[in-house]
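Input: a single structure, listed below in structure tokens.
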Amino acid sequence: MRLPDKSCKIASAIAKIKPGDRVMIGGFGVPGTPMTLIQALVDHGADNLTIIKNDANEPGMGIDHLLQSGQVSRLITTHLGLNTHAISLMNTGQIKVEFNAQGILAERIRAGGAGIGAVLSDIGIGTELAMGKQVVELAGKPHLVETALRADVALIHADRADIFGNLAYVATAQNFNPLMAMAADCVIAETETLLPLGGLAANAIHTAGVFVDHVAELAELSKEYAVVQR
Amino acid sequence: MRLPDKSCKIASAIAKIKPGDRVMIGGFGVPGTPMTLIQALVDHGADNLTIIKNDANEPGMGIDHLLQSGQVSRLITTHLGLNTHAISLMNTGQIKVEFNAQGILAERIRAGGAGIGAVLSDIGIGTELAMGKQVVELAGKPHLVETALRADVALIHADRADIFGNLAYVATAQNFNPLMAMAADCVIAETETLLPLGGLAANAIHTAGVFVDHVAELAELSKEYAVVQR
Amino acid sequence: MSSAKERMIARAAREIAPGMVVNLGIGLPTQVVNHLPRDFPVCLHTENGMTGIGPTLPPDQADRNLIDAGGSYVSTVPGSAFFDSATSFAMVRSGRLDLTMLGAFEVSASGDLANWKIPGKFSPGVGGGVELAQKARRVVVLTTHTDRAGNPKLKETCSLPLTARACVARIFTDMAVIDVTPRGFVLVETLGGIPAAEVAEATGAPLLLPDTDLPEFEASHGR
Amino acid sequence: MSSAKERMIARAAREIAPGMVVNLGIGLPTQVVNHLPRDFPVCLHTENGMTGIGPTLPPDQADRNLIDAGGSYVSTVPGSAFFDSATSFAMVRSGRLDLTMLGAFEVSASGDLANWKIPGKFSPGVGGGVELAQKARRVVVLTTHTDRAGNPKLKETCSLPLTARACVARIFTDMAVIDVTPRGFVLVETLGGIPAAEVAEATGAPLLLPDTDLPEFEASHGR
């Protein structure tokens, strides 16, 4: 037995994204944001997208390119604080924004990846985050039904990968990537280094290749990956 | 800032277990079963315990010692197939056994560790596993409420650890250990090697030390850890 | 092992297509791996937390920390990955298993599977079987056609507690290959010259015949 | 920064006991770390996936992949660990955070916290604040006593959308340390000679005085 080769060209993987798709994108700030896959999605042009991402990066960076190009109709996120442009699009009604508590967004995505229908949580009870959500009593206490989130496509940034799609992340570039890499019908990973089978130690893999459909090595790291000068 | 030292003696950590406690014990078969902590719990003698463990090991090994000593009144598990002694105790009513689907047991423990009240799942719908469980409709489909499991104490086996309690596992000795290490009020880990702070690479830690209360290095590996001769 | 069982296992191996992620249940299914070509592109999953299972090893070569869900000592292949039990079943429930091969006590004509409990006789617990049966994209069963007393294991309805409902797509036995269809059991192939009528006789529910001639098993991996 | 704010931050640092796991919210709370002794035994958590935060670094020494939840470039200490966002909030919700220090727009006399939204003006999203406020074992707030217009931020009830109900245990301001108790706000300490009456005047709800003499802030970490 040998494991299949899932290495690919970025453009051909991104070409699978259709208008109206739900697209999960990893990253928390710059670390872990797949800048190159995002640029390829801008080039591809599919629009009316629902983007699921922790934050909206900063103006002129990361998913702000998709907001600038008008490809996004809906954003499921936790915080837009560093992107005034995204806040402006939200306030003028040009995109719909759904805010989630950060850990609940993580759990909803993980539930999608784990084939679980929903999680029951008391987070946000008594605040406007609870509005419109189904409530279930558990041991006499109200819990919110936080439904699983899945996507058509997930865009992932890894530090190292092998050609089967086993992935490893570094430092705080991990964040939402391992969760989203479980939760989409088509998972596309960019990696700073692509290794042959056996190049990653079996005990130090963060995302098992079984979850990953396509993996592409980055030819270079654009300046968007660099330390942000403020 | 420096991280606190949680290294301890096994007997003093195990002494915190009280009669009637719920105790999670890692392991799937031999790999990952904390044989030495189990022996210390036999020596300690606390009884009327509820044990939460994937399986009951084999006669004369692992948690079978706790069954032999009469310290267990209830077992929450997935499969007893290799332990005829455990099956006999169940059939004669000397212990109560609650069977869970294996992945649902994993999710219930993870939910306990994640501070989630329950997960909604369709696993077991239409079978006797669904009997007695609360049902919630989700998008028109029935789901079972699988409530979170937590324990008073979790007994964990790691391959390597540092003195803050960061843990790393090897091979299939991982199994339920990382989940249980999140889901108890007091988490006690035995480790084959105990390292100083910085001895584990920050990117290759399976269980963050924040979840772990006590960590003890094994002086030796008893024969129960060895390859089983069948 | 009888040669009929060996041929059944060899035939089942042909169910595995290149590139699949496959879980082989405890017992007969585990042996399917011995019939795959050495360089065949496939990823084997075991529910205790591993993808990329390599060949089983004798005790003197075994790693004490490396077993499959049945307790056999196994090995790695280049690209193997280890993970916890929650992640392992996340793969199963979220549809990342293309195929699972399971054993059976009974299979019904509507694809219900009973393979974990015989009340009063055998009740070791359900393990990972429910999730494999309910969530793998394709579920096939390997079983003797009848039990030791000669009673059919393929039945109109199951009498034993179910593992999962309407999950089985195909059954490999020591007599035949049988599909579960909306019309019930359909005979696909017979084993080494056994007449279709004899297979039907050993089956506890109506067995439909296909419109075309019945092929016989091929024992070799035909690729 | 005003010396009153510096003293508030230094005083808040004394809230951290040896061995604690602590999350310091964005803004003023982050600066508390500068007032801890170099060898102090504490584990700092950041919700984007790290325990064991070390000192912040200037851009020329920064690792592009290593930030805290506020976007500052930070460093590791021996024993740091990285993990995903689900694990990070598992720590928070399951009670492994001994203490969190948060900023505030408003705190009510029953401990309600509003710190994420000013309708029509400021609505960047709630981030990780809800879970920190609701689930850390102890929640303390660092805030100026009044807003820029001089209006009290400590009020009978909050008028802004809540982050979490009945969560705040103690408030550090540039005027005083105030506890939230079943009887409402209780003055614990005042800052550098400010009379209790002046603190009460700047507070939008009744401020109870303790039975004992009021101590003043000590700015140094008194251990």
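A, B, C and D are the chain letters, set down in written order, and residue numbers restart from 1 in every chain.
Everything below uses one rule, namely that a residue touches a chain if its C-beta (ideal position, glycine included) is under 8 Å from a C-beta of that chain, and two chains touch if they have at least 3 such contacts.
Computed from a predicted model, the values in this text were never measured in an experiment.
**Student:** Chains in contact with subunit A and with subunit C: which ones?
**Tutor:** Correct list: B.
**Student:** Could you give the separation in Å between the centres of subunit A and subunit D, each centre being the mean of its C-alpha atoms?
**Tutor:** 30
**Student:** So the centre of each chain is just the mean of its C-alpha atoms; given that, what is the distance between subunit C and subunit D in Å?
**Tutor:** One centre to the other, that is 57 Å.
**Student:** Please compute the C-alpha centroid of subunit B, do the same for subunit D, then give the distance between them in whole Å.
**Tutor:** 36
**Student:** Give the residues of subunit D that touch two or more other chains, as numbers and ranges in rising order.
**Tutor:** Within subunit D, residues 82-83, 86, 89-90, 92-93, 135 contact more than one other chain.
**Student:** Touching at least two other chains at once: which residues of subunit B meet that condition?
**Tutor:** Counting only residues that touch two or more other chains, subunit B contributes 107, 114-116, 121-122, 169-171, 202-203.
**Student:** Which pairs of chains touch each other?
**Tutor:** Applying the touch rule to all chain pairs gives A-B, A-C, A-D, B-C, B-D.
**Student:** Please give the residue numbers of subunit A that touch subunit B in the complex, ascending.
**Tutor:** So the residues of subunit A touching subunit B come out as 107, 111, 114-122, 136, 138-139, 141, 143, 145, 147, 168-171, 202-204.
**Student:** Which positions of subunit D touch subunit A when the two form their complex?
**Tutor:** On the subunit D side, the touching residues are 46-50, 59, 62-69, 71, 73, 82-86, 88-90, 92-93, 123-128, 130-131, 134-135, 161-165.
**Student:** How about subunit B: which of its residues touch subunit D in the complex?
**Tutor:** Result: residues 1-4, 112-116, 162-164, 166, 182-183, 196-198, 200, 202-203, 205, 208-211 of subunit B touch subunit D.
**Student:** Name, in rising order, each residue of subunit D that touches subunit B in their complex.
**Tutor:** By the definition above, subunit D touches subunit B via 18-19, 21, 33, 36, 38-45, 51-54, 76-83, 86-87, 89-96, 135.
**Student:** For subunit B, which residues count as touching subunit C in their complex?
**Tutor:** 28-32, 54, 77-82, 87, 90, 97, 99-107, 109-110, 121-124, 126-129, 159, 169-179, 206, 225-230
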